[in-house]
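Handing you a structure now.
Residue numbering begins at 1 within each chain, and the chains themselves are lettered A, B, C and D in the order written.
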Amino acid sequence: MSIVSTTDLKRVYESGATEVKAVNGVSLSIEAGEFAVLAGPSGSGKTTLLNLIGGLDRPTDGSVHLDGELLNDKSDDELTRARLFKIGFIFQAYNLVPVLSAYENVQFILQIQGVPDSKHEERIMPLFEELGLSGLAHRRPGELSGGQQQRVAVARAIIGHPSIILADEPTANLDSESAVALLNLMHRLNLEQKVTFLFSSHDKKVIDIAQRVISMRDGKICDDHRKTQ
Amino acid sequence: MMILRIGWRNLWRNRRRTQLTMGAMIFACAMLVFSLGYYDGFLWSLINNATEKENGHIFIALPGYYANPTLEDACPEAISSQILPDVKAEIKGVCPRLQAYALLSCGTDEENRTQPAQIIAVDYQAELANSKLAGDIVTGGFLTGDEREILLGQGLARRIRADIGSEIIFFSNAADGSIASEILLVKGIFSSGENIRDSSLAIMNLKAAQQLLALDGRVHSHRLFLRDPMQAEEIAARLNASLKTLEATPWQSIFPQIADILKVWLGVQLFTVAIYYAAMALITFNTMYMAFLERMHEFAVMQAIGLTRRLLAVLILSESIIMATASGLIGTAIGACANFILFYHPIDLSRWMESITWGGSSIQPILFCVPSLLSNLLPLLAMILLGFAVAVLPTWRLYRLRPVEALREG
Amino acid sequence: MKHFLLAMLMTASMAWAGDSGGQASGSSELDAVALVRAVETQYQGERSHGKMRMHIKTRSWNRMLELEMWSEGREKLLTRILAPVKERGTCTLKVDDDIWNYISRIDRLIKIPSSLMGDSWMGSHLTNDDLVKENKVDKLYQLAITERVGKDVTITGKPLPDAAVVWGKIVYKIDTASLTPLLVEYYDEEDVKVRSMVFSEFKQIEQRWLPMIARIVPEDKPGEFTEMQYLEIDFSVELPRDLFSIKSLRNR
Amino acid sequence: MLWLKLAWRNLWRNRTRTLVLLTVITGSLAFVAWMLNVAYGSYEKMIEDAVRMGSGHLSLHHPAYPQERLSEQFFSGKQAMPLLANRAGISKILPRLYVSALARSSRDNRAIMILGVDFENELESNPLLQPSKTISGKIPASDAQNLAYIGTRLAENLRIDVGKKLVVMFQDLSGEITSKLYRVGGIFKSGVTQLDGGTIFVNRQSLATALGNSDALHEIAILLADRKELPEHLSQLQKAYVGHKDIAVFSWETTSRQIADAIKIDSAQFKFMIFLLYVLVTIGTVNLLLMSILERTREFGLLRAIGLDRRRIGGLIFCEATLLGIIGALAGLVLTIVLSLYSWHYGLDFSNMFGEAEVAGMLVSMKVNSTWEWDWMFGLAAGMVVVVILAAIYPVKKALRAAPAEAMRHH
């Protein structure tokens, strides 16, 4: 059963007189447990596609289905609810609320989902251990390194048991060592906990580790292949 | 100058925020100009009520007459010869006045009501030209020079049950001791707002009174109206030097309580300016400082490409001063025209409240403003100063800025 | 026929009328109170009519008036100005406590309110109050003879504790022979003379001795005085019944 | 609970900016609220002085008396007094007589107003009948039947002094002109020309007998323990005296109308200032919130992304505004209380600036102790919070307009 499927998806921006076809007819489906990446040069429409899949943006044409539900005709609030329960976002930077500690940033999701306070500790701390963050729970984002911040972002993305995690250039701001560590971590989560990942990145390390590479150019998918191993 | 153009454009980069801040500054400035105009109006009408009806800005009579006025202490009607030409330029008008006591009686023989009254006899043309006496008429009309006319205070008319057109018997002692008696007709009834005064005062024509009281060609006092009432003391001093037999008394010594207020008046106005602008300064400072902090990166880049700190300081100062001056001008304009409108068409509030006696004069229930240079310039200058003050802190921060640090932050 | 002198000439003063029986009462040692009471009762029911000239001299003017007068006892008095022509016909009517002024020139009548009792009458040094005064001197003052020089007797009146009079002391000088007053002096409570009334030119009319001139001198206004001089006076006169009334004023 | 923590921390992200606005809110609220306490303190003093010198919080008169003030418009004390006896809440009952008369001395005479009062009764309340105002002699004792307490200018005009005679002439109730002798017991100087030159105080009983009716009264001034209870007392008394056609109950607002109007003008000016204060704070708050939101556009994008809907983000900003308003209001209240404590305890002395002021024929001392207008203070503080919240509406709308994706890109 596909987590995400799009049919002939289009997204056009008017900047001044010219029309920019960021996504120009993409039909794609992501299955549960996949570890895929949208690869392509910047400006190829991969972030726009990711935003469309994540319900952050509305398509000019074509449709997006998430967990079988059509996103196009959902109201703004419904889209927000979908994002809260079904999608985990990880951005390139500024993932965390600067005034909240690492623990609180993750706890925030549970609170909005309505999970009772009593359950928060037992769900967050094991995850922090797993992601090697247990000592940093009360640190503010400003007091964490780039890698640590991204790992907290991952924790926040996973904690709500989303159907899929969309990561837009998560490693762009990291030194290679912390980037590799982050990717191995995510890969382990994918293998052990069957968490579905969809990346948008032109970082070679991400493409190497990804199990499925979807190449994009000028708003179209030009290649989509799965690695066999 | 490029800097000024950048400054101007910077203001409009964030149009919404600049508009809002300027809106606040314009509002504060307009309110301030209006309040200062209102304060001046309040004081101006207080002085006029005190001086115009009773003693004018300067009261000229025989020495000691003001302290205890008697019928016999009359002085010549023509005094212009004794006034020096340079003082004459300051004088807007002169109103001679004759003052006496008389019995006024109204009604038939059997049932007539008699009341002692203070009589003032005036030259109606001079009063129309200078004082507000005519303005107090509530029913009937002001004097027209017919020698048998009399105006009664509202309280007095009620006490002797007289109305417009009623016959009033005037009975008194003339200056030569003989009996002065005449039948006068009530031409108008006035209300000055001071009940005590209205219940014992009658006004008649000067000529008729002189003839009736055997005081031909003589009056008891001359009330001078000056172009600027505030100079009364100084002009009175000059008059006393030239007047041989007469004595000039400025209104300040007749109404000490109002003169006291005048002394502290400038202080009150400055206090008001300080209060308004303190709040406004803080708000404007907020906006300017934040805008500045946001553009630290930009300043660092400009410094990197070679603008000296001094030029940058000028940039920030110019932005702030342009905004302050613009808002000051617009605000002052709005406030000033509000003052002008209320100066020529004051709003009458007498439906809600009566007039109140205060320090010898009376506060009239009207919303009335007086535009004056001070009440326009003071706020404008203060606003420009504010613009300057608000820009000082950011400029000081600028001098401590190290470009590299700001660049990395971006 | 008993004689008496016009009350209005004197304020709270006393006049004495000897009876025709010659000196009997003059020489008898009547004490001050009897002296005064005898005078007081004289006036009940006495009528008079006469002409008088009044000369008023003040700081600022000098005035001569000629008046015709009628009086009945102390309660009723009517005066009418004969000269100067400008004020001819102006009358003053006093009945008990009330005073009216009638001004012929404008044919109008004015009643003097109580708050003006202190005002001067016709510009003279007499006040409206002096005219009205009909209080009984003996009831208000403690009278005592304080000096006797030949036939001139000086009586001093000290006001009784709650007497409503402004003076601290009053001094009369009386010629007991002709039983006429010589002078009356008014003092305040520090014995400072405030006002005096001097009588002169004594004449006998219809067996009464009468001072023809009375001069009122205010001590605190030097050089000022009011002098009233009788030109003619007639006591045995029949006065019309409604003489002292507002109605009669009009058709004088 | 995290919600509140987030809002709180957001406030302090930029300390100077928030502190500056808080100073504006606190400063202006405290300034106006304190000035209000001082103003109400001066109104209180003006009313209480006028009421004690004049006709009391409530007064009984003949129905037409306040308008025409003729001495023949009196009422009977025996009828009026019993109904006032042992009424809770009434602190003083001051029966008085007003007679216009002619005062005469050996030297001169002046028209005056005689006030027949019970001296020992008035001594405790009437600001004019205070030893501090006596310049020679003393205030007559209550049983002194024929001593008068006169104004300094009258004494000068009649050239009399303590102990000297003063004859007053007036028409008694039957219309007869009577005279009565008084001796000057003491001389006062109030500074109000009309009082010093034309008013004397005498023993009420002596004046009543001279008037010819010892039971006659022109006025019974009633002082209440607490002016706030005036409306109930007014209606109670009006009901009590409904039977008597020649006795009517008046409140001070009608008898000393000018004082009421003076206060009306002053408080109108105050309301204008309060309006101004709120406008200033609104502009300041909108400014601040707008800036702080513009800075956080990216963050709002993030929050929208991770599942906060518009309503919740709007709620967050309003929560910030509410916190701001509450802190400002509380700080303002504390500052007002501190300032008012000083001016309430020590009082503010304007007399050197204005000297003794004569307002509406009454002498108003310029030493003012502020009162505690709690309802106003809390009202203004609450108003401040509301204003700050309302000021947040525009910034919130602006923050939510940007779509999440676009917000995310906002650098």
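Simple rule for what comes next: contacts are C-beta pairs under 8 Å (C-beta built on N, C-alpha and C of every residue); 3 or more make two chains touch, one makes a residue touch a chain.
Predicted, not measured: the structure shown is a model, and the values here were computed from it.
J.: Would you identify the chain whose C-alpha centroid lies closest to the centroid of all protein C-alpha atoms displayed?
T.: Centre-most chain by C-alpha means: D.
J.: Between subunit B and subunit D, tell me the centre distance in angstrom, where each centre is the average of that chain's C-alpha atoms.
T.: 27
J.: Rounded to the nearest whole Å, what is the centre-to-centre distance of subunit A and subunit C, using the mean of the C-alpha atoms as each centre?
T.: Their C-alpha centroids are separated by 126 Å.
J.: Suppose each chain is reduced to the average of its Cα coordinates; what separation in Å results between subunit A and subunit B?
T.: Roughly 73 Å separates the two chain centres.
J.: Calculate how many whole Å lie between the centre of subunit B and the centre of subunit C, each centre taken as the average of the chain's C-alpha atoms.
T.: Result: the chain centres lie 58 Å from each other.
J.: Enumerate the residues of subunit D that touch no fewer than two other chains.
T.: Residues 111 of subunit D touch two or more partner chains.
J.: Which parts of subunit A, given as residue numbers and ranges, touch two or more other chains?
T.: none
J.: Would you give the residues of subunit C that are in contact with at least 2 other chains, written as numbers and ranges?
T.: Counting only residues that touch two or more other chains, subunit C contributes 115-116.
J.: Every touching chain pair, please?
T.: Touching chain pairs, listed by label, are A-D, B-C, B-D, C-D.
J.: What residues on subunit A touch subunit D, complex-wise?
T.: Its residues touching subunit D are 51, 54, 56-57, 76-77, 80-81, 83-85, 89, 91, 94-95, 97-100, 104, 107-109, 111-113, 117, 156, 160.
J.: Which residues of subunit D touch subunit C once you look at their complex with the stated criterion?
T.: Touch residues, subunit D against subunit C: 100-102, 104-109, 111, 146, 163-165, 167, 169-171, 176-181.
J.: What part of subunit B is in contact with subunit C in the complex they form?
T.: Within the complex, subunit B touches subunit C at residues 72, 103, 105, 109, 112, 114-116, 169, 171, 173, 175-179, 181-183.
J.: Write out the stretch or stretches of subunit B touching subunit D in their complex.
T.: Counting only subunit B, the residues touching subunit D are 14, 16-17, 20-21, 23-24, 27-28, 31, 116, 196, 256-257, 260-261, 264, 275-276, 278-280, 282-283, 285-287, 289-290, 293-294, 352-354, 356-360, 363, 365.
J.: Which positions of subunit D touch subunit A when the two form their complex?
T.: Residues in contact with subunit A: 1-3, 5-6, 9-10, 13, 298-299, 302-312, 403-405, 408.
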